[in-house]
Amino acid sequence: MIVTALVVFVGCSVWTVVYSFTASRALPVSKFVGLDQYERLFSNARWEQSVTNLLFYGVFALVFSFVIGFVLAALMDQKIRFEDTFRTIYLYPFALSFIVTGVVWQWILDPGLGLQATLRGLGWETFSLNLIGSKDTVIYALLIAGLWQGTGFVMVLMLAGLRGIDEDIWKAARVDGIPKWKTYVFIVIPMMRGVMITSLVIVASGIVRLYDLVVALTDGGPGFASEVPAKYVFDHMFARANIGQGLAASTMMLLSVLIIVIPWAYLEFGRKKGR
Amino acid sequence: VELEVTHWWTSGGEAAAVKVMADAVTGAGITWVDGAIAGGDNARPIIISRIAGGDPMGATQLNTGRDAEDLIKAGLMTDLTDLAEAEGWKDIIRPAKLLDACTYEGRIYCVPVNIHSFQWMWLNRGVYEANGLAVPTNWDEFVASAATLKEKGITPLAIGGEPWQINGMAGVFTVALGGLDLYKKLNIEKSAEAAASPEMTKVFEAVAAARGLVDEGYVGRAWNDATNMVITGKAGAQIMGDWAQGEFSVAGQTAGKEYDCLPGLGFNPVLDTGGDAFFFPKPADGNQEVIDAQLKMASLLVSPEVQVDFNLKKGSLPIRADVNLDAANACMQKGIEILNNPDNVLPSGEQVWSSDTTGQFEDLWVEFFTTPDMTVEDAQARYVEIVSSAD
Amino acid sequence: MKSSISVRDLTLNFGAVSVLKNLNLEVAEGEFIVLLGPSGCGKSTLLNCLAGLLDLSDGQIWIKGQNVTWAEPNERGIGMVFQSYALYPQMTVRGNLSFGLKNARMPQAEIDRRVARAAEILQIGPLLDRKPGALSGGQRQRVAIGRALVRDVDVFLFDEPLSNLDAKLRSELRVEIKRLHARLGNTMVYVTHDQIEALTLADRIAVMRGGIIQQLDAPQTIYNKPANLFVAGFIGSPSMNFLHGAVVDGGRGFSVAGTVIALEGYDGGRPVEMAKAILGVRPEHIDIVHEPESGRTIPATVELDEPMGADSLVWLTTGGAQLSVRVPVERRLAPGTAVHLRLDVGKASLFDAVTEQRV
Amino acid sequence: MPTSVPIDAYSPHGRKPKRIMEPRRIMLYAVLLVAVLYYILPLWVMVMTSLKGMPEIRLGNIFAPPVEITFEPWVKAWSEACTGLKCEGLRAGFWNSVQITVPSVIVSMAVASVSGYALSFWKFRGSEVFFTILIFGSFIPYQVMLYPLVVICRELGIYGTLPAVILIHTIFGMPILTLLFRNYFASLPEELFKAARVDGAGFWGIFLKVLVPMSVPIFVVATILQITGIWNDFLFGVVFAGTQNWPMTVQLNNIVNSTQGVKEYNLNMAATMLTGLVPLTVYFLSGKLFVRGIAAGAVKG
Amino acid sequence: MKSSISVRDLTLNFGAVSVLKNLNLEVAEGEFIVLLGPSGCGKSTLLNCLAGLLDLSDGQIWIKGQNVTWAEPNERGIGMVFQSYALYPQMTVRGNLSFGLKNARMPQAEIDRRVARAAEILQIGPLLDRKPGALSGGQRQRVAIGRALVRDVDVFLFDEPLSNLDAKLRSELRVEIKRLHARLGNTMVYVTHDQIEALTLADRIAVMRGGIIQQLDAPQTIYNKPANLFVAGFIGSPSMNFLHGAVVDGGRGFSVAGTVIALEGYDGGRPVEMAKAILGVRPEHIDIVHEPESGRTIPATVELDEPMGADSLVWLTTGGAQLSVRVPVERRLAPGTAVHLRLDVGKASLFDAVTEQRV
């Protein structure tokens, strides 16, 4: 099985790269066209926008899911009452498929239907919230819904990590007179390395593969304002029957992941050997 | 024999229409195994990967045209030519172009089952009457009345942000405002010259004007939600294909009474001949029994009985003229009438352009529609580029 | 004498379990108190209460004349060394030592000075730039002590600071701590399992059991006049020998396995006749002789002898009971030898077998 | 020097005056509740919508509770909604989903836990490269691999059968699960592992008899992750399982994505919640284990 | 005598760090070897090598005449008790004991018999159906020992088995282990930090330092004739006093701080004149007298006395050096008193200050 997984991941990556140099349409064919697909890819405004969006979304989603996840976990760790209830509430979006929750978020964020209309109806006439309708803000709508779905799980992972910290460390810090936030930032978080890495991989891979949410919430709109690379890939591979183009885009995605993963692995394993 | 049939017709009316087919097929002693997957975008990768993966279904809905070309080229589809010749499909199927879409290198690989057209505008009469306006009879009148509607807090034009909706609207403008010639030059000859013509500029201008007629919440809105805005009077009109009629009738509204339909935006009453088609992937083991069943089913799909029942349920137009459609409603009748004049029948874009190129059009129109700073000139230049590089 | 720490009626419950029960303790300024007791008796808990790391269920804690019952740990002027070290794993030793000081916005020069001094005292100078993960147990322990040291506080709380060190290092550090105490004059509360540590370091030892202080006294008092059977058995290694018998002759004799030993010279209350009593004699207060002496010796058989450096421990049986006797290591006794034991009654302790209190 | 205060001058005995309205606690709960609002708002909308009739939805406020409560959408979603020609609701796919989920979860966890164990305790040659590839694999958008996987399954002769989906889910579960297990096992005391070796337990003996029983919690975590993922999976189920095994999400998709017809939002919401019920139940049931679990493992023995 | 364990040229590196260096060790059958040494010197590492839990960098290990260098741990006929117990938390005590036997596919009857026997020896019969979490430290320790016991192996490896227990329990278990060894006659390799344990249990003690065995000898030899300065200082608590001086008079006298002490009766090699030498004398081999005796005493001043139960440790200074002397606890000496120290040269050790070897 280990070998299978290896073969699949490596094999599929190779397959992706190889066919990205072909003119495959609805079916993969080995008609090589050199860098044509890449030329088209890089001259494509939508791709450009997708990559920009992903970077933007990625940075924010990463930061916020870690911050929110951690803050919630830290709050939950204060011996609060009804912890189980809180935890389940934060976690439940994780269980729901995006097909419909996308619709719900669309409604909530729809200026004529959701929060804006309701709050105005309640008398707050000047309240304005139209994230989805504007190209500049639609990415925030994605963030809101994306974080809504994913932070719960991050929170649980973090909470688990927090629970694993030796009680005496807290005590030592208190005796040292170190404020709580400093203890978290300088002592506890660095101690949660394993959990952080697990969360990082989960969150980051979720970001790179971001697709369902976009389709459900904005379908890439308005315009290309909320397009993402994964959507570009699938649209081309399936709806537009241009596998070559899709794979070229996908190759670029894999390449960027590789650029991040390899140095990480080097750090992670190279360093350990030294000890 | 079992035939597994995959399709993406899952809503009420569609399912009823499929049932017509299924009953006919079952009646012929073939077991219909239903494989419905809602959403063309969901279904297509599944269908293609299954055919490519060597686990083909007995029959499947698939877009006609270039989409299936690769599959046909790869020899994965059952050849229907003999059957078509025996039954004289060439003569009965109207317009003839429908069959062309199923033809590859002179051989026929699919069965067109209906005609859908995009060239319609749907209006809520009540909205106009209540605001003391005449119900527009063409696009210009509509634009003229838009300001008043806006003042009253009514969205003049309902639309959804999905790319195909915007692309479709642009297509409608092309024929309605740009004229038949322009449309034909583009969609038959793929003429870059036409793409750069002043007629086309008018189309771009119209789309630009339409930007100001929509509400803020259109992003990601489904087409039927937009239709609902018209039905409930939140919006004045919508440009949408004939399938929108289903919404009105479900809401209990009657054509000409609560709502009006304007084919070709009231200017050029033409229809394109898009539609759905069925393909029959070759069985993996070449089982002749299955192939026989496929041919039988293909034959049933074009039969008059199935055509009538099916299309009445589906709200689309039949592919043959020799059937009785008295049961159709006012708007449908309008459609049939238009179809009766072959000059009014246009090829649909998807038969000409590959999905890929269509996608590029969509991208362009979407970008143009949603980017107020994008000038008509820039957009048209890009348009020309796509047309001239299309394969 | 001025009181440095004053614990009044301290009660602490964990849920339904009462771990400390109405505990009172007065520690004088500069005093070195050792808490001794079996595992789970509440020593660490008491220390945590003093440090302000646990909320009391009831009672008060005063430090240096201030009621600190609800004060924050860092406001109490205490330094603490944790049983599990609790070093910050991602910081270097230097970072561990200086983090608290930095946090108090102490000038860097002063921090450096204090860290250097602590490093010197604890001999961890060369380790300053390593991380705790790269230290051996003993080294970690010293860093933990250093962390308390640099804070320059009046009260030190040590939770088994030396338990994981080798004997040499331990005795070195023990002396070091004693010297430190002499030099700094701090008040110390020190938890340990090591009796030598307890006996050598403490001004007073508190022997705890089940959350209650059994006896609080100078080491020699605890050693020589244990208040009850528990303290007697717990203190001293090898532990005290207990002879079960009865006080007879109107309190003048102790009868055990048919022999009567005169109780004259017993250092304690006047014994009265008791049907069930226990005589406790430490291994070093028994002489092994070869001739019986009436009223002073009991017969015994050598079972085993254990040389342990300077001395040997000889195990003997007498009337079914087992006794140990400490003799100089040169004196070898073959197993099976029949001998007589002369007990030093003047240094023995007599316990009422029912109340378990010393008479 | 501290001033000498007369003893017992102030501060009565007794429990620390626990002000219920301590500002810090209020802040804490306030933040938590605001967060709850954010997380629960969509659920509120879903539940309310699912209890309304269509006319009310068309006109009404999405946040408003239903004027007239109807459970019809729920009933319909479960047993009447149509998928093509069959009108059996979600019920039809329920057992298929169970059939796919149960073995897939079990197999994928079995494989991943063994890999995680091998990676943490038996550092074999190239294990690091292997681990890196796994991490990398977790970033590959899985749809990209659709075609090659179809070919692989076809070559294995399992295309369109349950084993195919199980295989696919196992492969895609590998990266994250292995990471999870590896990091967990690495936190267990190494001496236990050594003790078991001295006791003569082999690779499997140590794993099954010593580590697995100690790792129930992390298995629960992994189960939750996998059940959620596999239960909600649509693409792989449809492509690889074969028509007869189509999971419940196909029906859900069909209910929700009917492109040409009236969108019955109440039905959609009910269907979504019904589909989410299984993972949700797992969360509720394992809530306690979930956290205590990881914590117990992280504490060094 | 037949060799039970034979370690030949064992080298073990962790990455670039060499932890064991060319180590040789022969253990006779039935022998009780104690490994003693400072923290981090490689004791646990050596034990792990013997058990087959670490792959050697170089060298061979033979057990019972078999080369087991590459054998699996369970094939070596060893039982091991880990420093941290390493009990399987999810199994009952019975499960813990029988796990290894089940792995070896032993018949159930035999397993039951062995578990029962081990339980009886270790007095854990009533605990058999509890899980480790519900046991006290001492009980866990016994279960850990039991796990090695049931395997009925020839060689037991103990890694600081008693280090986390309180003194009372520790001395009880120490006796238990000694008895066990006497009864079973196994070969034992036992790591400890506790000198009493080392001295009382061992047939021979191996004192390690930095991965090298410094001395391997009977406890009394190690104690009385330490091979070098390190061993001398490491063994014995309180530790040996070192007087830095010179051997004069053609090897007949030791000059320290102006006084010369006659070396006659020195037990060791014949001393030769040395410019720099160190005389090591244990605290119990010094008498405090009030009158000087020429050639036998050195003057000193009392600094401090530390009562520790039976004895007191008196710290004195002499010519800048610090010495400790053990006296009976009754003898109190006020700080500042000027006294004279009579060294028992016959029991002292003389070291070359350069090579640090005993003369």
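By written order: A, B, C, D and E. Residues from 1 in each chain.
Going forward, contacts are C-beta pairs under 8 Å (C-beta built on N, C-alpha and C of every residue); 3 or more make two chains touch, one makes a residue touch a chain.
Keep in mind that this is a model prediction, so the values were computed, not measured.
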Contacts common to subunit A and subunit B (chain labels): D
Contact-graph separation of subunit B and subunit C, given in steps at minimum: 2
Chain ID, smallest distance between chain and overall C-alpha centroids: D
Magnitude of the superposing rotation for subunit C and subunit E (Cα, nearest 5°): 175
Busiest interface, counted in C-beta pairs: A-D
Separation of subunit B from subunit D, taking each centre as the mean of its C-alpha atoms, in whole Å: 40
Rounded Å distance between subunit D and subunit E, as computed from the means of their C-alpha atoms: 54
Cα-centroid distance, subunit C relative to subunit D, in whole angstrom: 52
Residue numbers of subunit B (touch at least two other chains): 40, 45, 52
Residues of subunit D engaged with two or more neighbouring chains: 143, 146-147, 234, 253, 256-257
Touch list for subunit B against partner subunit D, complex: 4, 7-15, 18-19, 22, 32-40, 42, 45-46, 49-50, 52-55, 57, 222-225, 228, 232, 243, 246-247, 250
In the complex with subunit E, residue positions of subunit C that touch it: 38-40, 136-139, 163-171, 178, 193-196, 199-200, 219-220, 223, 233-239, 282-284, 304, 306-310, 313, 315, 326, 329
Sites on subunit C touched by subunit A in the complex: 48, 51-53, 72-75, 78-80, 82-91, 99-100, 103-104, 134, 147, 151
Subunit B-touching residues of subunit D, taken from the complex the two chains share: 58-59, 82-86, 143, 146-147, 150-151, 153-154, 159-160, 234-235, 238-239, 242-243, 246, 250, 253-263
Residues of subunit B touching subunit A in the complex: 40-41, 44-45, 48, 52, 66-71, 74, 161-163, 215-221, 354-356, 358-359, 363, 366-367, 369-371
